[in-house]
Amino acid sequence: MFPILPSIKGFIEIALNEDIQIGDITTNAIIEEDSISVVNVIAREDIILCGGDIFKEVFLFLNQSIRFQERCRDGDKVSCGEVIMELSGDTRSLLIGERVGLNILQRLSGIATLTAKYVELIEGYKAEIIDTRKTMPLWRGMERYAVRCGGGKNHRSGLSGGVLIKDNHIRAVGSIKGAIERVKRNLTRMVKIEVEVGDLKEVEDALEAGAEIIMLDNMSISEIKKAVRLINGRVPVEVSGNIDMESIVEVAKTGVDYISVGSLTHSASAVDISMEMG
Amino acid sequence: MFPILPSIKGFIEIALNEDIQIGDITTNAIIEEDSISVVNVIAREDIILCGGDIFKEVFLFLNQSIRFQERCRDGDKVSCGEVIMELSGDTRSLLIGERVGLNILQRLSGIATLTAKYVELIEGYKAEIIDTRKTMPLWRGMERYAVRCGGGKNHRSGLSGGVLIKDNHIRAVGSIKGAIERVKRNLTRMVKIEVEVGDLKEVEDALEAGAEIIMLDNMSISEIKKAVRLINGRVPVEVSGNIDMESIVEVAKTGVDYISVGSLTHSASAVDISMEMG
Amino acid sequence: MFPILPSIKGFIEIALNEDIQIGDITTNAIIEEDSISVVNVIAREDIILCGGDIFKEVFLFLNQSIRFQERCRDGDKVSCGEVIMELSGDTRSLLIGERVGLNILQRLSGIATLTAKYVELIEGYKAEIIDTRKTMPLWRGMERYAVRCGGGKNHRSGLSGGVLIKDNHIRAVGSIKGAIERVKRNLTRMVKIEVEVGDLKEVEDALEAGAEIIMLDNMSISEIKKAVRLINGRVPVEVSGNIDMESIVEVAKTGVDYISVGSLTHSASAVDISMEMG
Amino acid sequence: MFPILPSIKGFIEIALNEDIQIGDITTNAIIEEDSISVVNVIAREDIILCGGDIFKEVFLFLNQSIRFQERCRDGDKVSCGEVIMELSGDTRSLLIGERVGLNILQRLSGIATLTAKYVELIEGYKAEIIDTRKTMPLWRGMERYAVRCGGGKNHRSGLSGGVLIKDNHIRAVGSIKGAIERVKRNLTRMVKIEVEVGDLKEVEDALEAGAEIIMLDNMSISEIKKAVRLINGRVPVEVSGNIDMESIVEVAKTGVDYISVGSLTHSASAVDISMEMG
Amino acid sequence: MFPILPSIKGFIEIALNEDIQIGDITTNAIIEEDSISVVNVIAREDIILCGGDIFKEVFLFLNQSIRFQERCRDGDKVSCGEVIMELSGDTRSLLIGERVGLNILQRLSGIATLTAKYVELIEGYKAEIIDTRKTMPLWRGMERYAVRCGGGKNHRSGLSGGVLIKDNHIRAVGSIKGAIERVKRNLTRMVKIEVEVGDLKEVEDALEAGAEIIMLDNMSISEIKKAVRLINGRVPVEVSGNIDMESIVEVAKTGVDYISVGSLTHSASAVDISMEMG
Amino acid sequence: MFPILPSIKGFIEIALNEDIQIGDITTNAIIEEDSISVVNVIAREDIILCGGDIFKEVFLFLNQSIRFQERCRDGDKVSCGEVIMELSGDTRSLLIGERVGLNILQRLSGIATLTAKYVELIEGYKAEIIDTRKTMPLWRGMERYAVRCGGGKNHRSGLSGGVLIKDNHIRAVGSIKGAIERVKRNLTRMVKIEVEVGDLKEVEDALEAGAEIIMLDNMSISEIKKAVRLINGRVPVEVSGNIDMESIVEVAKTGVDYISVGSLTHSASAVDISMEMG
């Protein structure tokens, strides 16, 4: 179950206002006030479900008397044609909330489904799939949850949630060593220091200066192999940059610990889910 | 230029808070307060640019003294390797705003780029590409703008912005005729009545009852052709449902007026754009 | 029943904070914590009721255990002295919410009552009464609803909800024809094009250029008659500008379709409603 | 000048979003991006101006480069036909902000103009015109300012801003004396205790119990006279309830100190002001 | 009971988001979704309790099914080791809300406890303890309530809640008389005029000009005595400035009416309260 | 310099609205609109300054034309009587913003000053002073900054910013080992695992199970010594619980790495700073 954090309620409120605007003129003109309906939410392709609890919250925001019969839970595999949930209650609310509810459910399930494909591809290898900060602004908490539903894990939550020294930081200071020293001086040892490196020389510099996680950015498979050998288990190794379904198994074979995949969140397609009157 | 509506400023504020959290601990530890830098925003593939003005606003929100040299405008074709914009000013602000800025720019340019591909495919035909309400919640205004940058047009802005009688409305009332009558009774003639239909019988019913736009939903090419012949220019015709790059030319050939493509917004991939220290 | 959109809840929250400030020092000093009361909401003149559901929501916001016995519904004619609703529960909440609740109820019922007077005046004529965008900022959704409760209809919801080419647009472009052409080039045919005109020459220009609704702005009765004859049913005709109780019947007699009345919302008086301890 | 409190900026932001929705489709379609215009704001009847600074803020919110030439200040008498202000700059922003700006300016000037009429009627008498809490929810700060522009004064700002023991308080406790005693026990003597009374007996009770202001609610002229004689200057006297242009002079003649007029804010008509391209 | 004003709900929402960020990674990793627990809230020193209702609201915000057994009410003396409240329900919610709930409860009880100490010290004297506007920004409503729970009373609620002419006002105008005259000209007599004075000469000026409350600011005990004698009961007297536990009895002995103590809110320590699994 | 994050601007807006309410009735009545003043901000005791940039932002929010001459920067030692900053501009804005500005400046400087005292006490020892999550709700970002200004460092930013397994987590699972295993299973190795322990047995369990930081909670000096010996530098050691000025040196002598002091933020007194007209 996804905990409906206070911020999620705010998200839903804005989302509903964005779509409803000043009222659904079609539904208000056509549907009687006291009309009651039953609708089914149905998967139109094979998916990993994510967002069921948020979906319910959308309708509860409109009308607290809507009732739900859930057939599947977040993280479940749902086959094409299967019923995910049955909703019953005020027809107007069901019609008015449909698009916002589905827009959320289809995107989050899209992310979970894509993540699961990556996870399956590298099953048996040590490497784990993790997400990035390349999430849709205003969606991060939900998207990270979708990655977990698909079997992935989460990288740092944001700029306060971990130290990651990137190429631009290094360039600004002049050296990896200088950057790591400043971090050690200004922060506690309670946070691990991750350093993004682009070649083997930088791997060596980072290890020497005290990096606690190494991120290999946009390196070739052969370079990654060398880096893994060089690091030799002293610190966790993350690979990042332009990972896709073709390349990921080769990367996993190198023995790295984490493969971060930006496209999980910045380029997942929505899956097809529909809502139909019973 | 994209008008920075009041609501966009609110969007940027939330987006920055979401990523920055309580402060960028890495940047604050490493970069001196008075450090100044120049960075370039560079396209890493061929794109249609969208979001340049919003991107600037992200940095201005953090620091009003950042300066910008724009080399391209929204709607421009930008080639791989080309510089889109040069930013100069406070290094911390440049690093802290990078991810949020790029997340927005990459998604909006992704939508514009995808839209342009569809538009190009059906060049020479009467049909125009339009968007749907399948936008990412909290992003609609920006995504509609991206569709226009790519050469598409916009469908209704939300549930107050037009009448669209869908299958669930019809089912709830019992007939197309009944639904249209209620709309006519309750609303003025200032808004056009669009009706979603699934077969030729419904096309006839809709026309007879006074539909002013017909949306052909999930119909085969041969059915669409028949529908277009039946409607015969009396009202605009929209085709909707599972349009992709393979099918769209065939649809355009049938002579319809509008082809709405949900994947423009619900499934566009982010394009690759980077920000590099000069 | 008025659907309590998410935005209405936000409205009520701000309204209560505005009046309560940091607490009702009088009520907190005088009324015991566990005191329970019954109060009646009573019409002090003949009205068309509007806002009953929002009124209830005000008290529920303060205290979810308040109970309501509704004697009248929105849209009902309520006579002077009649009880609209009975509330029972926590005395402090009843006293604290009184002013905000009545301020909303009195204004919305004022608009509904005024609208009903206009509607009644032109009963039997084809013309319908519609509202304008001259609503109180932050009140539009509720005020449009009040107009409907009084028997009127709604014009476009806002600047995204329809095309209306006004005198300033025409002046900026140079001609009606030019303005309409730009609209046709940039927007779909799904939205009707309304044009504001000031004389017969402009009516002709607008029709010729493809206007789909004609708004006659501030024209004399004799001009309106000529315009109606000229338009001859080809498109709907709206009359606008300084309509009052004296002039409206003459306008309706000309055969126009819509009469928009700004004073419905910008100048409606509050009606008298009181709340009294039982 | 009206101080643009932080809350006013929030008000303007919501007001603009309410009207603009997702964009002004007409203006964006017709007006070129780089178009520049000059417009005049003109009084269409004799008014007391109020809201000029807020009006400017509306346009500055949309576009910081709009420039203003003010010909009149808040509180000024402006004659029909006179130019209030000249605006110049980006045409789109001028057109998009027009309705929101005028809606605010017309209402606030309406309140100031109405207040000034009441003030003028009782010139020469001791009594002063004051407002009530019967303001439009979300507008109180601005409306109180408008009352001051018209020459009136303000009653308490809200439920924390003063003690006013009303009939329902008295009924709940059982006696005026009991209510006043509780106030004295729970609050400091820094706030004056005002008591609403309905007859002479209650005036006596209130004075005896220590009331510091007496509000005569809905009493006849002859009763008011007797009450004034009875109170005899010991505390300020306010008259409240159904005051209008006919009755106010008679009330003023009785020698009361304050006359509170709810209709100043709950029933003021908008005045006519237009904005025209130069 | 503390009335949970709408603004308090907003406060709790922001407070929870601030601490939870994007989710409690520890609790989510360790605690099962369906785990249920009972926890006790226990005083770890002798306190005056304040904030129990707000504390409950924190957990209800996270999970509406949490149940509470309250053993103490706001304003109660609670001894070290005593159980204040028992909570039962979803373990995750109990752990996630703990820190925010305790942070509020410990601070408000700290203020109530400190206030009670001051109140006790001057028991038997006429003087009453009141608070100031030196509250923590965003906490005023709750802190004023805490002062009342501790037996103190409240000064004006904010800048609209009363007139207080301070040294900087007097300096800007040039004289106490001038400042008071302007207040009388611009405001009604419904609000008392308090004047801050620094010596006996100013006391005389203030009285003469019509001050209705005198605040003696930072004056010595002997000066205060003289001022009290001079004022001689004509208006209430407040003493302000650097009051502490040592000096307060001496101040009370002088016969003043109110002693305002800024440190009640700006420098109260949190009291020790813990939350332990049963 | 403190970066004014978007969230800080929101904080200031709410803080100003909370105090100003609907307007400063005293200042508006007394001070002329066009009055200009110069005021000095002066330390009234020896302090470590913190909050200067936020203080400026308060006044800029009210009036963008206020000018500042800064004599001291955040983190500076400022002696009693020294001028911190000179402000000049609109008198009304200076008076209206005074209390909110000082309330923030006095609290943040209070925290920085208190932190600096702790830091000084343990100078020469390895241990560093760190803060806790016992911050005032809605103030965390600013309070963490104040701790840094005083020479301390920051613990995790919130519940997403690090793993801390507390006693209640352990009790819920049944063992330290079980809790750590679940964290390892569900989270990456990118975040360090901190475990709170109460005795030496738990120290052993935690180390064995893979704890990466040990927090010794409420242990005696002799137990801390033993724990430090047992841990022997394998992981960083934090001491927590009831640290005060008396006990801290003894704790530091044990050789621990971090001493977290809740009272830095939950019980810091405001320092005395005044604002005086020049």
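For reference, chains read A, B, C, D, E and F in written order, and residue numbers begin at 1 within each chain.
One rule holds in what follows: contacts are C-beta pairs under 8 Å (C-beta built on N, C-alpha and C of every residue); 3 or more make two chains touch, one makes a residue touch a chain.
Fair warning: this is a prediction, and the values are worked out from it, not measured in the lab.
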item	value
Remotest chain, chain A as reference, centres from CA atoms	D
Angle of the C-alpha superposing rotation, chain B to chain F, to the nearest 5 degrees	120
Contact-richer chain pair (by C-beta pairs counted) among C-D and C-E	C-D
Chain A and chain F: spacing of chain centres that average the CA atoms, whole Å	32
Rounded Å distance between chain E and chain F, as computed from the means of their C-alpha atoms	22
For chain A paired with chain C, centre-to-centre distance based on mean C-alpha positions, whole Å	44
Chain F, residues touching no fewer than two other chains	20-23, 25, 28, 96, 140, 154, 157-158, 160-162, 186-187, 191
Of all residues in chain E, those that touch chain F in their complex	11, 14-15, 18-31, 35, 37, 39, 91, 95-96, 98-100, 103-104, 106-107, 110, 133-140, 157-169, 171-173, 179, 182-183, 185-187, 191, 262-263, 266-270, 275-277
Residue numbers on chain D that touch chain F, as the complex places them	1, 3, 5-7, 9-10, 140-141, 144-145, 154, 157-158, 160-161
Chain D residues within the chain E interface of the complex	128, 130, 153-158, 160-162, 186-192, 194, 213, 236, 238, 257-258
Chain A-facing residues of chain E, complex	12-13, 16-17, 20-23, 25, 28, 33, 61-62, 92-93, 96
